[in-house]
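What follows are several structures.
Both complexes shown next keep subunit A, but they swap its partner, so subunit B is in the first and subunit C is in the second.
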Partner chain A sequence: MGLLDKLSGWLGLKKKEVNVLCLGLDNSGKTTIINQLKPSNQSLFGPLSDDWKHVSQTQTQDIVPTIGFNIEKFKSSSLSFTVFDMSGQSRYRNLWEHYYKESHAIIFVIDSGDKLRMVVAKEELDTLLNHQDIRSRRLPVLFFANKSDLREAMSLVKVSQLLCLENIKDKPWHICASNAVKGEGLLEGVDWLQDHIKTMKT
Partner chain B sequence: MEINLNRIDYLQVGVISQKTMRLLPALGRKATQKVAVADHDGVITCFGMKKGEAVPVFKTLPGQKITRLDLGGALGTPQEKIFVCAGSEVKGYTKKGKQFLSFEANLTESINAMHVSGADLFVCASYIYNHYCDCKDQDYYLSGDKINDIVCLPAETLGRIVPVLACQDRVLRVLQGSELVYDIDVPGPPSVLELYNRDGGTNGEDILYGTVDGKLGLIRITDSSSSSKWEIDNEKKKGGVLCIDTYDILGDGVKDILVGRDDGTVEVYGFDSSNEPTLRFEHVLLESVTSIQGGCVGKESYDEVLTATYTGWVTGLTTEPQQAEAGPGEEVKMSQETQSKVAALRAELDQLQMKVVQGREKYQQTAQSSTAVSAMPVFSVNDKFTLCQDDASYSLTLEVQTAIDNLLLQSDVPIDLLDVDKNSAVVSFSECDSEQPKGNFLLVTYRCQANTTRLELKVRSIEGQYGTLQAYITPRLQPKTCQVRQYLIKPLSLHQRTHTIEQDRPMNTLSLVGQFSFAEIHSWVLFCLPEVPEKTPAGENITFYFQNTFLGTQLEATYCKGEGHFKSDNISTISILKDVLSKEATKRKNNLDISYDINDDSVGHTLKMIHPKLEYQLLLAKKVQLIDALKELQVHEGNADFLIPEYRNILDESAYLLEEYKKQPAHLERLYGMITDLFIDKFKFKGQNVKTKVSLLLEVLDNYDLDSLMNFFNEA
Partner chain C sequence: MTSVPSGSESSKWLDAHYDPVANLYTFSSCIALADLHGDGENKLVVGDLGTGSCNMKLKVYRGTGLMSENTLLDLPTGLVSFLMDQHEPRTPAIAVASGPFIYVYKNLRPYFKFTLPPLEVNALEQDVWNQAREEMIDPLSLKEMLEGIRDKADVPLSVRSLRFLMLDPQDTEAFVNLHKAQPIQRQTVITCIGTLKKNMADEDAVSCLVIGTESKDVYILDPEAFTILSKMSVPSAPTQMDVTGQFDVEFRITVACRNGNIYILRRDSPKPKYCIELSSHPVGLVRMGKSVVVGCAQETLQGFTQKGKKLWTACLPAPVTTMGVMDLPTRGFQAVLVGLANCEVHLYRDKNLISTIKTPDVVTSICFGRYGREDGTLIMTTKGGGLIVKILKRTAVFDDRDSAPGPPLAQSIRLNIPKKTKLYVDQTMRERENAVAMHRAFQMDLSRLRLAAARAYVKALESSLTPMSSSLSEPLKMNAVVQGLGPSFKLTLNIQNTAACRPVMNLAISFLYDESLYSMKTAFFKIPLLVPGLNYPIDTFVECLSDKGISDIIKVFVLREGKSAPLLTAHINMPVSEGLALN
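So, the complex of A and B:
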């Protein structure tokens, strides 16, 4: 990085770019969460670098099940995120591990109304955390206990108990209750993620 | 479906009455609603929630105690005008707090129930119902017993005005104009009425009622008749219903019923596919819930049940999840909101402590002055003394706005105090000397644990022994003061008002003739029997029906000026009445002509009524004797298969039997007492004194057999 780059980074003109992997079972709300985090109007944030012209940078109206994965970009106050929004369907889950290496953080989305598949989510989380590319790195992991607006939704404490999150000792983690349709709870989570990515890098 | 509701406390106002908190209609579809609540200081507070903080919209100046709050407005527009009644005056405020109406109803008593519908205003004082349209008097009705609540079927759906009064004598009175159309019997004294679905259902004819003894029901009121659609009994002996609302909190598309009770229970009843109400959620707030509403206050798009309790706490039970964030090792970490709340409270407390210390010093100094008078702090006590139908005992509940320090009970009649599981207070019985004239039969102190604002006691009285029960209540206030409450234990304390009695039972009659007025004899009856209206009934004569809650025997009281007839199938009841009435009449120097007509069959009839109870108690005692031995056998053999079915049955039910047996000695004693009284009374009417034979009777009772007992009664 040249001096100019560093300077602009300090001044906040050019934001540091990080790669984040967004994982979770199908129908947990990954694409909706990413979509909510994108600016509703492009002109607010200005154009991103030329490399990402082909990626849609504004919110879409309709969300359909993801096939394979999507690449999305959004910005927080001091970071520019590139998100790999992976499909959560079981046949695509083996794709996840290809992207572990280049990611700086993980967002793991859980449908807190889906009591039945909580064990599946736990299993996927365990395999993720035990993967060779993940195990040794201190990646921050952000959990979204999504769909908290549902009446049958479990509380955040219950979700973290079911996923045995207290057993994660070697990574910083954080869990947020969220309602992706309304966008509640998402910013708090991203703020935490941003703080941790910054401290991790420096 | 299950729901989880989380409790959030919003704001505390002064002590509040029943139905004095309402939610104003939301402006947008999703926006949060404002709350209007009125307290005993006469202050109406209207507030909304913003980021966990209560932001006041307006607050009025203190005035007279506000007894009701209702929302109204022109028909067809959002009902957002706030109406309150204080004293005999009705005031109206806009949602911004501007007073636009002040209407003096010119009643001698204060208004205790009110309903607003468009330009129509319906108010009730204790016995009076009044209907005003645009503040002009329209209709008037005088009820036979106290009016607890009023509701009016929606005029816009029905096209006519149908007010329904909930009266203390277990009746809903349906009016038209100033005339009674018909009345509906309900299973208990109704305490609250509410339109089903807030608009009376599809036909506008359905109303929900709740009773003082905790029952709920839905009734359809049509032109000339009514039909009960469902009823929920109060099997778990929860408190009386104080407020009801209809709101879809479960989110299943069907409106649910929200109920608040005087023991702090908040319940949500949902409807399943067969349209029967079922309990879906229950929460206990520890203070009586005076108002309940469904809506959205704390955070938009999260529904909640908003409640207001007696001490003025406005509390929400919300569907919103409480904890929004967590991380490793943060199990005990408080959320930002809680932390700031704690800090704010701490600062406030420090400030107050300073002020109080200063104030106390000043007080101590002025207390030395010889001319100054020390004033007492006034506090309100919400008390209830009611007869429970199913265990023939009285329940006394006392509620104070601050925590109770201790309670002293003093009685000049023999009564039993029973344990109440809910109570955490420490009881100590003091020895008392009942031999002395004016001696106490009972002296009990309850020392309450911290933060007890409500105390429930059970009192068991004996028929015929009458007097007063006094309660001295000391709350945790400085300077410590005490308030005394008096409760009458009436001569026929176990009798309850009913609507009808069976006429074909063998009846004993007591007739009184003399120079007394209608009001005089009514006051005597009021002295003798519970649940009689204090006001002398209108008309020339009156008939009341009663039922003994313990034995099921009946009493019919018919009286008019100069004449009174009392009919009962129990000789003891007649005997008590005769004693008390003649005593009362002599006190007032009235000359009474008492005659009685005793039906000999009635004794046998009463004994037959007692028989199943006595037999049950004796059988219970027998079974309980065997439990220990049977248990030992079971332990030795490993199982109970070798026992005869009868014994195996006892083993299976042992826990239940032991629990019942704990209450048994009192029951058996009570039954023995009643039989002895019956025996003495029977012969007293014949002019014989058989007190010497009581020991023989007790012997017969110890080897109980119905036939031998009957023989003993006939021979002796």
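So, the complex of A and C:
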């Protein structure tokens, strides 16, 4: 980073770039969450307007199962995120580890209504945290207990219990309930992520 | 080692769900996985047998919870999910076989009921019942005529006639009056059900239903019109079947029958083409690739080719309860799951045991496939009604070699050979030095022992002291038992005639005892005729008179009438009377 870049960074003219890896099982809502965080989405910066509701509906309608991965970009108040939105289908899950090295943070999305596959999510989380590229680094991990609007959705406490999150000692982590379709809870998570990436860098 | 370390097993399967009180009582034939709503999420469909007489239900599970329940009218014998039409969205129908009917459900709503065609009725029987309807014959002669038909005719009687023949004479009149107006029918029931792709091998192709019936027939039904496309017959009632291929091209129906044979039916032949004769009854039947794997009642697993040639046999540690196939096409992995009565599920590829799963209860049904959104899900229900869901890990690998190799466990057990001490060595030294003297002394003692034994034997024979009589005319055996604590004892003599086929008569028993110590009601009595082989217990009661705790011997003699020398003698050492001491 040149002196000029640093200067512009301090002045807030140019935002710092960070890579974030978005992981989770298939059908957990990763793409929908990223979609909600994208720049066209006004909800991060202002109250919901009627105009925006229409946009979000058209956005969410054409979300299809991700093949391989997508790269998306969005900005928060002080950071510019590049998100690797990975596919969660089991045949693509072995792609995840190729992106561990470049990432600065991880978003792990859980379908809190899918009690059956919670063990699978835990298994994938454990392999992720024990991977050699992740184990030694203090990456912030943000968990979204997504689909909290479902009737059979489990509480945050229950989800963190089932995933044994209390065993993660060497990394900052945070879990928040979210409803990706409406965008509830996403802002809180991204704010936490932003704070921790900043403290990690400096 | 026979046991597989549990650590390696837990690294293959994830325990997704275990509900020990799910109240699911079913077998592998009544369980299926299907995408009922076309949303990409597979549901578990179970034909619950309930208690066997009530509470039969069609249950649908989604994730870990019960989604819906439909009451079934009768006990389900089989349940399959199949695509019956080309309509979009491609939601499969559920076919539940029970009795002579197939109930087809679409969107979990009753949609169609198929009834098996009635069987041919014996013309003579029909005639007889027609006569009864016109009051030409009375119930008694009707019964006689039906019995005649039952014994001679080659077409068996209908259920009504058989019921009638069973009735008591006073009930026949009412039965005839009640039933004579209706025409006679013969109905059969479905024993097993399977599906067969119609003309495409795709996963979402239309399938025909294949049913086996108690009347030893196999029917193939059209998926849309429910007409019979093909009818085949096997020599015995089918119990389980496996179907592969396509109806319009080529298919194979492997049928396990109640006579312990397996028949292989093919297109264009109404009779089975190949037959596999098993040494014991088949419990589970599974097809894996080109081979047929059969679990036998004799705790073995046998592999056969499509033409019925035996390939291999594997011995199992416990009886087979159920079998299922584990097919993972994305990984190119196929294996056979065998549920055993010792609460284990074994995974076999060919004859090699590649993995073992321990379950908390005996597994009665196994289903492997896509459940929810997970491809490798193993669903098991237990004898106690529990539901177990396990998910195969993405990283799990099964190595091809047998996980139970090596020499049998018995080889490593050390023999229990006693140690020799210094005493033993000293003894051998002594024997080596004085061998001649020892031999002589021993031979001398031996001949003295023989003399003494012969003397004692002759003495015993002379006075008939032995409890076994060796005489050829009266081979007898006797023993005496004393029961009780006293002062009164029960004395039982067990007398047996050991001759091959000659009874013994005119015997008497006499007791000899000290009359100041004991008293008996009768010290002499006759015994009945002794039939060879039977044991005659003869009881008498002995009263002890002494209060000083003295005991004596009572002698028993078995005598022949007209001879004074006893045939047998027994000496009974009476126990000390404890009753008086207590008083």
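Throughout what follows, the second predicted complex is superposed on the first by the 181 of 202 C-alpha atoms of A that agree within 3 Å, B and C clash if a C-alpha of one lies under 4 Å from a C-alpha of the other, contacts with A are read in each partner's own complex, and residues count from 1 in each chain.
FYI, a contact is a pair of C-beta atoms (placed from the backbone, for glycine too) under 8 Å apart; a residue touches a chain by one contact, two chains touch by 3 or more.
Bear in mind the structure is a predicted one, so any value in this text is a computation, not a measurement.
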Partners on subunit A (subunit B, subunit C) - clash or fit: fit
Which of subunit B and subunit C A:N27 touches, first, second, both or neither: second
A:T127 touches, of subunit B and subunit C: first, second, both or neither? second
Subunit B versus subunit C as contact partner of A:V119, first or second or both or neither: second
Touching partner for A:D62 - first (subunit B), second (subunit C), both, neither: neither
Partner, of subunit C and subunit B, that touches more residues belonging to subunit A: B
First (subunit B), second (subunit C), both or neither touched by A:E166: first
Which superposed partner A:R91 touches (first subunit B, second subunit C, both, neither): second
Touched partner set for A:E152, first subunit B, second subunit C, both or neither: both
CA minimum distance (subunit B, subunit C), superposed complexes, angstrom: 8
Common interface residues of subunit A - those touching subunit B in one complex and subunit C in the other: 152
Of subunit A, residues touching subunit C in the complex: 25-27, 90-91, 93-94, 114-120, 123-124, 127, 152
Residues of subunit B touching subunit A in the complex: 1-4, 250-251, 301-302, 319, 321-328
Residue ranges of subunit C in contact with subunit A within the complex: 14-17, 63-65, 330, 371-375, 389, 391, 393-395
Interface residues, subunit A side, partner subunit B - complex: 148-149, 151-153, 155-157, 160, 165-166, 168-169, 172-177, 182, 185, 188-189, 192
